[in-house]
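These notes open a run of structures that come right after.
Common to both upcoming complexes is chain A, partnered first by chain B, then by chain C.
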Partner chain A sequence: MNKNNTITRNQYFFVIQSAMIGIGIITLASGVTKKAQQSGWIAVILAGIYPILCVLLSYEIYKDLNFVEYTQASEQIYGKFLTKIFTFLFSFNFIFLEAAVVSGLANELTFSTTKFLSPYVLIFITSALIYYNTVDGLKIIARLSELVFYLTIFIFLIPIYFINKGDITNVLPIVSDYGSIIKAIPTTFFAYSGVELSIAIIPMITNKMGTKGVGIAACIFTTTLYTFVTFVTILFIGWKLTSQLKYPFLYLVATTEIPVISNFEPLFIFIWGNKIFQTAACMHFGATYYFSEATKIPYKISCAVTCILAALLGLILVPEHNRGSITDKVMPFLVGYIILWLITAFLISKFKKVKKNAKA
Partner chain B sequence: MQRLKLFFIILLFLLFSSCYNRVSIEKLSVITGIGFDIGEDKRKIENVAEYLIFRGQNEIDRGVSLEIGKTINEANDYRQLNLKKNYLLGTTRAYVISEERAKLGIKDILDICIRDQERNLNTIMVVSKGSCKEIFEQKPKEENTMADEIKELIEAAYSANFFTNNAGVKHLVNMYYQEGRNIIIPAIEKKDSTIRIAGIAVFDKDKLKKIIPIEEAVYVNLLRNSDVKGNIAIVMGDYNKAVDVECISKRKVKVDKIGDKLKYTITLNIQGEIKLNTYSFEQQKDEKEIIEEINSLLIKNLSEKLKETIEKAKNDFEIDVFDIQKYAVAKYGRTDAIVEKIQEGFKDCEIEVVINSKIRSTGRYK
Partner chain C sequence: MIEQVLVQDYNKNLQLISNFVAQNSNFIKKEILINGKINAYVLFIDGLANKSYVEESIIKPLMYKVDEDITKDEDIYEIAKKYLVVSSFRLNNNAKDIGAEILSGKTAVIIDGIKTAMIIDSLNDKYRDIQESTSEKSILGTRESFTENINLNLTIIQRKIKSPSLKIERFVVGEKTRTEAALVYVEDIIDKELLNTIKSRVLTVKAPAMHTTGVFEQFIERRPFNLFPQAKNTERPDKVVFDLLEGKAAIFFAESSSALVVPATFIEFFQGFEDYSERLVIANFSRITRFIAVISVLILGPIYLTLLLYNAELLPYQLMMVIINSRKGIPLPPFLEILAMEIAIEILREGGVRLPNPVGTTLAIVGGIVIGDAATRANLVSHATLFIVAITVVSTFLIPNYQMALCIRFLRFPMLILAQMFGFYGILIGFYILLVALVKLDSFGIPYFSPMAPSRFKDFGDVFVRDQIKKVFNEPVSLKPSLARRNKDE
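Now for the complex of A and B:
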């Protein structure tokens, strides 16, 4: 195993949460309120089952197989041919996610702070930076994730500013239609995606004791943050306007009145951009890892190849409405595939273990 | 090798992320106030802008320009034909909508304030009796610009007459979009050579319905807002026999269904402080007795006035000016049969006011 690709247990927490929290936090509230109205935040909690399931099942699978590396584990479960296909699918999954995040960042920046830049230039520059970040392996990403987490943690306090400014009537009645909450869950998948990285990186953790707990902690942290942000957004601006805005959380940030600072929005984007960039880097690692495993091309070369692929895909997703409609269509399939892969792999690995025990 | 890569990436930033071909900052003008008005034929839009002119080091002057166009942004474009500098919209301090314009609808103003990313969401928005040009053409007395004066005026109103300082665009947008609510913003007017608050402007959806004059607006404010401050004067005869109570009011609203009608119970928790008392002046009464007497007087006086206001709101304004229908929507959900017709049903609903007042202090006098 490459020494640059090992991380500690705590770094696993930072990687998982930074793979999830990114562009999704800004757009999340819009989609859920369109479907579930004022109960949108409940849909966000319910969708939080998906990342926990992901982290839990992938840990169990690797535990049954004594923490061998991904390809080895997959070959033990699915055989050689299927592994090839699945690895390619995983690689595509991450390339798509990375493209969506990078183009999302470019769209958001051209919308707000850097109006004078073309989104294509932004995609080009971000992709180059992501390549530089990822080319030396997971260790650098994990360290940067940790740093960015501490740098951006005060952003999590922004919603608190609004708690006593909102009106409780905006979130009442708490549930008016149960069916609509279930329908709203698929719109949150993009915000929670990225957690699939745990399937690749669990074998790279050096001290495996308590990995399960750390993974679940990262998921709960993300879910809490998302729920909090969505809830406060609905509390302050009501579901009707939230469902019509492109970036509800940015609107919320723009309404803060802080002395000295005339507009908090650019400052927020400047700091939050780091976080989004880190999300894209995590996804790029996933894309590169699976791509090099599938094609047997060395890691460093496939890093460049996937970078170009993601940038090209990102160019297609450039206007925000385009990106929204495509991700909404593609995400349920990707999530469905990953859940299916995980559950099947989990059942087969359990079955194999029982068989092995019976033999012994 | 590593350093070369880093150098290459830094070079990328330098090459691609510059403000090349953009207007430099000393060539920018600052717009402080914008007025939305309508032409006499009620088709063309008049757009008034107040902007700052910088001459030399410490000389700041201001100018007012009026442009006519079919839409707001067309008028803005025409402005560039006259102004010698490029202007910024994000620094605007106040928006003023003229009464005529507001009566025809402010949908475009709401839309442009949210959609246009350059505009600030915290800008104050008021309705003016009379035209916007009238307001902006006056000479500012206390501030550099009229827009600043409007802003200060609205912000200062918070400490009296039970006004809130929720007059920003974000509050307006919230009032428009949240269910069971109506837009209510302060209205200003030209008085002598300056401006003053004339009352509150009530909107039905996006159209101005009525400007409530300040005498009635005080009681509407008291019923509408929570955590606000104001003075209640109880006059028996003339000013030689009167009581002033400075009140801080907090309200709670409860909704019930009686048959097919809604019943609202507004509970006002008032904390009072006696500021003037010529009613029991120099009378050797027990402090407790005075407090109880004034308290009962206050409740009697207030409930009379509030009853009047409610009757007026039901029969005259015919719209929920008290911001109470949102509680009905929150309690029964928007699919409920009565709630669906809530706007028209306001005339028939029952509104009960419960006043819990408490005199906190009698001042230096006993």
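Now for the complex of A and C:
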């Protein structure tokens, strides 16, 4: 095991929540209210099952295989040929996610505080920054996730300011239509994506006792934050306006006047921007790790290659409506692939374990 | 190859030793007769060795008290033991070593017919008295600071930690300067793994000269291009004692009035020593003010620039009007306006440091007022800009550590350039690059951002705010790498 890639059990929590919480904070409410109207926040809670499923199944698979590294585990389950293909697919998954996050940041910044810069310039600078963060391995990413996590707490505090300013009728009736809530779930997949990183990093945790609980805690934290943000947004500006806006939460934070900097928007973007860099770094690690495992190219070179690929892919995802439509189309396939991989791997690993026990 | 081992002829021995000692006028080669018949030389460097001490405690007893013959090498040990009025001496027969000892203030006695020399401690310890630190002032702490006398500095530490676990390991560094140094630690507190890491780096330094702790610091650090100090320089004994009891080590040098404490973490550079003497709430208020000041130094100027240049819409109307009115008729663009003022302030401050203390302070204050007033009257700088720059300058004084203050002061320039180039995004990336650089850094294997990253929750009682004093005075687990490895917590 590469020493630069080992993390502690606590750091696993920080990395997992860091990998998920990102663009979703400002865009999630818009997507879910389009389908589930004022009950969109319930769809966010229900969709929280996906990340929990991911961390649980990943843990169970590795537990049955004595926490061997990803490639070894995958080869034991799927064989060498399929592992190669799956590893490339995982790498593509993370490259796509990173591109979507980086272009999402560029789109948002050109929409709000940095109108004078081209999104393409922003994508390249951000990608270079992500490379600098990721090139030394998961240990540095995990440490930074810990620091940035404390900034996330401030993201929690901003909606608290608005909670008593909303109109309760905006979220009533609480459940409008069960079918539409279910239909809204796929729109949340992008917000929860990144959790698949647990498939790669569970073997890298030094103390594996309690890993399962820590993973679930990270998922619950993320789901709570997302639900809270979505709920407050609907409560304050109503589902109709929320569904029409690109960045409803940003609209929310920009509505209140505060001294010196007019409103919460710059403060929010400062905190959230750091969070996005970290989310992209987590995804970039996933992309690099799988790419390096699939091609056997050294980690540092893989890091540069995947960084360029993600930046180039990010260029296609400008402007925001492009990004939205492409991610909406691609995400269900990627999530489907990951769930399928996990369930199959889980069943095979269990079957192998039972067989092994029977022999013994 | 010069022969190094002493022979029986004392004149030949004098020549051998002289090869390793510069033939300056203060190199004293006093020829004496022991017991009225035995020729001998007393060798020392006047000034470096205490002349009256040499005369009273070495020359006088040898000339007038000794009444026995010295025929073999073993005799001189008995002679030294019996007649010399000195606290310590040793024997040596290597001319090179003897030369080095003379150069470090000791006295050598070579006797005719004997192949061994007596080396006696006679270092002249006339140094400046213990004074109050000028660079690290303290209101509630002790008044004393280190001097250039390494022995006195070590004594101050020993006086404060009366424990048998306090270890002092002497070593010499600098091939030309042969500077005496000491590594100090508390054996039963410091982590063994950490101590080994420190020793492996500190005791293996190869350098032609060693002047100050600052020079030594650069020899032992791993990332020379990183801006942040990776060891802590201090001239306050109370700070060193506090750090030693936390499980760190301190390095002292002869002729240097500060100690180098290793390892160092980022947060501790902002923790004032008074924080522990003051009331809990007051101490925390001061500490939070300090962190706000650091953030102000780094981003206040860049934010002001961004708001003026790119995001005026974020300013409330009334505030915008105030700034517009203050900027009327200013020909310089905001970036140059801020940069010019910042550079002017740096020049003033640098000038103030070089001048004698009262003059320097006057120059900094009067110069600041005069230049600021002249710049605003000449319509070169707006009042608002002057106000922002003044706040950032005053904020830098809140950082308790000089090295860190220098670093933070420097960082505001790249932040300003990033803000000029990319606006708000520039500040964002500048801040993030700083975070990454800090997280990547470690000091002797201890992560620089500990106990925040990696999180050591047990040490959270003394980070941005401090807990009750009885909870703070624990040995930090962040400084125990072997414990982390044992608990699989790294």
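In the analysis below, the second predicted complex is superposed on the first by the 356 of 360 C-alpha atoms of A that agree within 3 Å, B and C clash if a C-alpha of one lies under 4 Å from a C-alpha of the other, contacts with A are read in each partner's own complex, and residues count from 1 in each chain.
To be clear about the criterion, a contact is a pair of C-beta atoms (placed from the backbone, for glycine too) under 8 Å apart; a residue touches a chain by one contact, two chains touch by 3 or more.
What you see is a predicted model; the values in this text were computed from it and never measured.
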item: Touching partner for A:Ile125 - first (chain B), second (chain C), both, neither; value: both
item: Partner chain(s) touched by A:Ser176 [first = chain B, second = chain C, both, neither]; value: first
item: Per-residue contact with chain A, leading partner among chain C and chain B; value: C
item: Partner chain in contact with A:Phe277 - chain B first, chain C second, else both or neither; value: second
item: Contacts of A:Leu117 with chain B and chain C, given as first, second, both or neither; value: both
item: Partner chain in contact with A:Asn133 - chain B first, chain C second, else both or neither; value: second
item: First, second, both or neither for A:Leu144, with chain B first and chain C second; value: second
item: Which of chain B and chain C A:Thr206 touches, first, second, both or neither; value: second
item: Partner chain in contact with A:Asn164 - chain B first, chain C second, else both or neither; value: neither
item: Touched partner set for A:Pro266, first chain B, second chain C, both or neither; value: second
item: Overlap of the chain B and chain C footprints on chain A, listed as residue numbers; value: 114, 116-117, 125, 129, 132, 257, 262-263
item: Chain C-facing residues of chain A, complex; value: 6, 8-11, 14, 109, 113-117, 122, 125-126, 129, 132-133, 136, 140, 142-144, 146-148, 150, 206-207, 257, 259-263, 265-266, 269-270, 273-274, 277
item: Residue numbers on chain B that touch chain A, as the complex places them; value: 5-6, 9, 12-13, 16-17, 19, 22, 90-91, 114, 117, 120-122, 168, 170, 173-174, 177-180, 326-327, 329-335
item: Chain A partner contacts - residues on chain C that touch it in the complex; value: 307, 310-311, 313-316, 319, 422-425, 427-429, 431-433, 435-436, 439-440, 447, 449, 452-455, 487-490
item: Residues on chain A engaged by chain B in the complex (per definition of touch); value: 111-112, 114, 116-117, 121, 124-125, 128-129, 132, 167-170, 172-173, 176, 236-238, 240-241, 245, 251, 254-255, 257, 262-263
